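Can you keep this structure in mind? I'll have questions shortly.
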Amino acid sequence: DPEELGKWSFYRAIIAEFIATLLFLYITVLTVIGYNSQNSTDQCGGVATLLFLYITVLTVIGYNSQNSTDQCGGVGILGIAWAFGGMIFVLVYCTAGISGGHINPAVTFGLFLARKVSLVRAIMYIVAQCLGAICGCGLVKSFQKAYYVQYGGGANKLNDGYSTGTGLGAEIIGTFILVYTVFAATDPKRNARDSHVPVLAPLPIGFAVFMVHLATIPVTGTGINPARSFGAAVIYGHHKAWNDQWIFWVGPFIGAAIAAFYHQFILRAGAVKALGSFRSNA
Amino acid sequence: DPEELGKWSFYRAIIAEFIATLLFLYITVLTVIGYNSQNSTDQCGGVATLLFLYITVLTVIGYNSQNSTDQCGGVGILGIAWAFGGMIFVLVYCTAGISGGHINPAVTFGLFLARKVSLVRAIMYIVAQCLGAICGCGLVKSFQKAYYVQYGGGANKLNDGYSTGTGLGAEIIGTFILVYTVFAATDPKRNARDSHVPVLAPLPIGFAVFMVHLATIPVTGTGINPARSFGAAVIYGHHKAWNDQWIFWVGPFIGAAIAAFYHQFILRAGAVKALGSFRSNA
Amino acid sequence: DPEELGKWSFYRAIIAEFIATLLFLYITVLTVIGYNSQNSTDQCGGVATLLFLYITVLTVIGYNSQNSTDQCGGVGILGIAWAFGGMIFVLVYCTAGISGGHINPAVTFGLFLARKVSLVRAIMYIVAQCLGAICGCGLVKSFQKAYYVQYGGGANKLNDGYSTGTGLGAEIIGTFILVYTVFAATDPKRNARDSHVPVLAPLPIGFAVFMVHLATIPVTGTGINPARSFGAAVIYGHHKAWNDQWIFWVGPFIGAAIAAFYHQFILRAGAVKALGSFRSNA
Amino acid sequence: DPEELGKWSFYRAIIAEFIATLLFLYITVLTVIGYNSQNSTDQCGGVATLLFLYITVLTVIGYNSQNSTDQCGGVGILGIAWAFGGMIFVLVYCTAGISGGHINPAVTFGLFLARKVSLVRAIMYIVAQCLGAICGCGLVKSFQKAYYVQYGGGANKLNDGYSTGTGLGAEIIGTFILVYTVFAATDPKRNARDSHVPVLAPLPIGFAVFMVHLATIPVTGTGINPARSFGAAVIYGHHKAWNDQWIFWVGPFIGAAIAAFYHQFILRAGAVKALGSFRSNA
C-alpha cells in the first residue's frame, strides 16, 4: 500500500511503536539493572561471586550479586517477569488503537505473514522498534552508569550448559506462545462470538510474556523480542551478546511463523478451504 | 453425536486441546525444573540436602536445593503458582472458542457429567490432553537433560507425613474449586444476567488454579489435573510417581463430579425441578 | 420480607454463602499453615525461634520458623495476601449471582445498613458464614494435624507492641476500604454510567482484600472478616485468640457502618436530599 | 467555570479525592513501615545496619534491616510495588465516577493542560490530595509510633550515588508513563473504537504505577505523585526529605506536561490540524 506512506496516521503509528518500545526497554532493563547497583557496596562474595556472575543468566546474576549479603532486597526473577509482562500489558493497552501495539519485531513479522500488516509498514515498525530499544537501553545506561556494564546490561545470551539448539528451541516455543496469544486476541471472528476476547485482549498478551519469562530466564534470559535483544546488545556491546544475537532473531521469527501457520491453517480452517476436500462446517 | 466425528471442527478442537496441554506442561514444568539446574554447582548441603529433597514436595525441593547458598535466586512457590494459574488463564482465553479450553481431563469429565460435552468428544479430549502432557514434559526433559531426573521431573506424589486420605481429600477439594469456577464462568443463565461473567471468564479460572497451588503444593505438589500428573509420571518414570498416580485420577474425578452435582442440583435448582415439591421462583 | 423464607432461592443463597466461606477458609488457612509443617524438621533456631514465634504475627511467624534454615522456601507474606485476595475474587465471581457473594459478615452488615439486604437474610447469611468458616478451618486442622496448633492455626490476635486502639483502628480502616469498594462495585447508578464498573466488579473487591492484608498483617494478622476470625478461633481454641475476638467483630462492623454512611450520604448525595437546602444537580 | 463552585457534586468530588488519597497513603506507607517494626528486635547489624539504612532507598532500607536475620519475612520490593499499584487500581475504580479518580496532582495537572479539568477544580483537587496525603501518613505514624521515624517514614528522597539530573529524569519518565496511560484510558475517541479501553481502564493505570515502582524505587523511592511525597515529608519532617522535595514536584509536573503534549499533538493529531499543512485522514 504505497499510498499509506503519505498519511499522518502511518507516521503516528511508527512514532507510537518507537515510544512504546523505548518505554518498555527503559522500565524492564532498569528493573533488571537498578537493584544491582544499590547493594554493590555490601558484596561479600567478591571475585567468586563475580566469576559466578558470568556463568548463569545475566539478569539472574544481577540478583545473585546483590543478594550475597542481603538476600531478599531485590525483586527477584518473579519481579523481572512481572516487569516484562506488565509493561507489555500497559503498552499494548495504550498503543493498540494507534499502531496495533506490536512493540516486538516477531509480532510484526507474524502479522505480516498473516497479511494483516503491509510489507512497508512491517519494515518501518521493525526499524522504529529497534531504534526505541536502543534509546530505552541508552537511558538506563545514562541513569545507572557504573553498574550497567558490570551487571551485564540486561542483554540476552545463551547460558553455559545449554546448547545452541536448546536456546533456539526455547526462543521458538516462547515466541510461538506469545504470537499465538496475539492472534487469538485479535481475531475478528472470535471478537464477534466470544464476549471475553475483545475486552480482555491486552491482559493475556501481557500474561503470556510473564509466563515465558518465568520459564526461560535460566536458559537464555528470555528474548522472544528481537528489538529487546538488539537494543541491549548495541548499548552493552559485549562480544558474547553479539555472538548469540542471531538466536534472538532466528528463533522468534521461526516461532512467529509457526504461530501464524497454526492460527491461519489449523484453527481458522484455512487449510480446509484451500484443499476443499474435507467435510467442513466450521 | 456420531456425526461430529466427520467434522473438521471436531478434529480442530482435539488438536487445540493437544497443543494447549503441551504448552501448559512445557511452561510449568520448565519453571519448576529450570531454576534448579542453574544453581546446581553451588549446592553446599550435599548429601543432607539431597536426602531432604526426597522428603518434601518435589517442586518445593527444587527451590530448596537451589537456595542452599543463593536464597532468593529462584521464583519460589509463588512463582510456581503463578506459572500454573497464569498459563491456564492464557490458554483458556486462547482455546475457549476452539475447543472450550478444558486442558484438563477433570474439567472435561465434569462437563460431560453435566451433559455439556458428548462421550466421544470427552474421551478424545482426554486422550489429546494426555498426549499433549507427555510431549510437553518430553520437551522440558530434552531442554534440561541433566537436571530433569535429579530434581523430580515436576511429577506429583504424596509427600511424607501426609496420609493417602489427606492427599485424596486435598485433590478432591482443589478440583472442586476449579470445576465449580468453570461451571460458574460458563453458565449461560448467568451470562445473560451478570455482566461480569462472560467478560472475565478466563481470569477467575486461572486464579482458581493459582489459589489451589498456593495452598496444596506442600501436600501433593498439587495435581487437580490428571493429564499433568500422567504426563510428568510417564516422562519421569520414577516408581513413587506411579504408585501415587491413582490419587491424581480418582481425586480430581470425584471433585469434578461433586462440583457438577453442586452446580446442577443445588445452584441451578435442578433438584427442585426434579422433585417438584418446593415453592420455587428461582 | 418474611415470604422469602419459603423460597428455594433464599436457602440456595445461604448454602452458597456457607460453601463459599468454607472454601475461602480452607484455601487461605491451608496456605498459612501448610508451609510451616513441611520445613519443621530443619528448624535450627530451636527455643529462641519458638519464643520469637509468639511475639510477632502468627501468619508471619509461621514463615519465620520455616525460614530458619531455608529462607525462601515458603510463599511469604505476599503469598498469604494473594491467597486471601485471590480467593475473594474467585468466590465473589462465582457466588455473586446466587447470594450476592458476601462471604463476610461485615459486608452483609454494611449492605443491611444500606437496606440492600433484609434483616432475616442478613442474620442467616452471617450464621452460614460462621458455620462455613468453622468447617473450613476444621478441614485444614484434619489435613495438617501436627502443625495446626503449633503454628497458631491462622487465628487473628493483636500482636505485641500494638495497643487495643491501634488494632481496632486498623480493623476499622481495613474494613472501610473493603466495604467501600463493594458499594462502589455494586452501585446500580454507576453501572449504568461507567462501563468498567459492572464488568470488573469482582476484581477490585479481591484487590482491596489483597491490599489490606499487605498493610495490616503485622498489626493484627488482618481480620476485616468476623467469620474468618471466629472460625479460626473456634478451631484453634487458644485463649489469646478469644480475648481479642471482640476486636475482630467490633472493628469490622464499625468500618462497614462508616463505609455505608460515606457511600449513601456523601457520595450518593443522600444527605443533600435529606437536608434539601443545597443547590444540587448531582 | 465559577458556577461549579455552587454545586454539591463539586464538593463531593473534592471529598472523594481527599478520602481516596488518604486511603492510598495509609495502605502504602503502612506496608512500607509496618514490616520494619515487627522485626526490629532481631536486628543483628546494629549500627552498621543503621548507617547503611540512610545510604540506600528508604523503602528498601526498611526491608534490609528487617531482613538482617530473617530474610524473607517481609513483603519485599515486589510487595511494595503491588501495594502502590493495587491501591491505585482499587481507588481509581471506586472514585472514577465521582471525581475522575486522579489521587495525584500530576494527573490533575496533565488533565488541566489538556483542558479536561477547570483551573478552580484542579487547584481544589490538588489541595484535597495534599491534605489527604498528610492525614494518611499521620494515621500510619499514630499506629506505628516507635518505628515510623526510625525507618524513614516512607518519604521520597534522592539516594546516594544518583545525581539530581538522574532523579529528575527518573521522575519525569515515570510520570510520563502514568499520565500517558491515563490519557489512553480516558480518551473518548478510543472508547468508541476499541472495546477493551473503557472496560479495563483502571487496571492498566494501576499496572503503570506498579511497573514504575518496580523500576525506580532504587533511584528515588519513586514519587511520580507530588501529594504522596509532600504528605510523607510533612509527617516525617526530616531535612533531607525537604531538600529534595522540589524534585518530586518539578519532575512529575514536567512528565505530565510531556504526556499531555504527546497525547494531544502527536497521537490525537492536534498538531496536524493546527498546522493544516500535512495530508491527514486520521
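As written, the chain order gives the labels A, B, C and D, with residue 1 at the start of each chain.
Convention: a contact is a pair of C-beta atoms (placed from the backbone, for glycine too) under 8 Å apart; a residue touches a chain by one contact, two chains touch by 3 or more.
Quick caveat: nothing in here was measured; it's all calculated off a predicted structure.
Ranking all chains by how far their C-alpha centres lie from the centre of subunit B, first place goes to D. At the interface between subunit C and subunit D, under half of the residue numbers appear on both sides, which makes the contact a different-residue one.
Our note on geometry: subunit C versus subunit D, Cα centroid distance of 27 Å, whole angstroms. A straight line joining the Cα centres of subunit B and subunit D is 39 Å long. Chain contacts: subunit A has residues 71-72, 74, 76, 78, 199-200, 203 touching two or more partner chains. The part of subunit B that touches subunit C in the complex is made up of residues 52, 55-57, 60, 63-64, 67, 71-72, 74, 76-78, 81, 159, 161-162, 166, 169-170, 173, 176-177, 180-181, 184-185, 190, 193-197, 199-200, 203-204, 207-208, 210-212, 214-219, 262, 266-267, 269, 272, 278-282.
Every residue of subunit A that touches subunit D in the complex is listed here, in rising order: 6-9, 12, 15-16, 19, 23, 26-28, 30-31, 34-35, 37-39, 41-42, 70-76, 78-79, 82-83, 86-87, 89-90, 93-98, 139, 142-143, 146, 191, 198-203.
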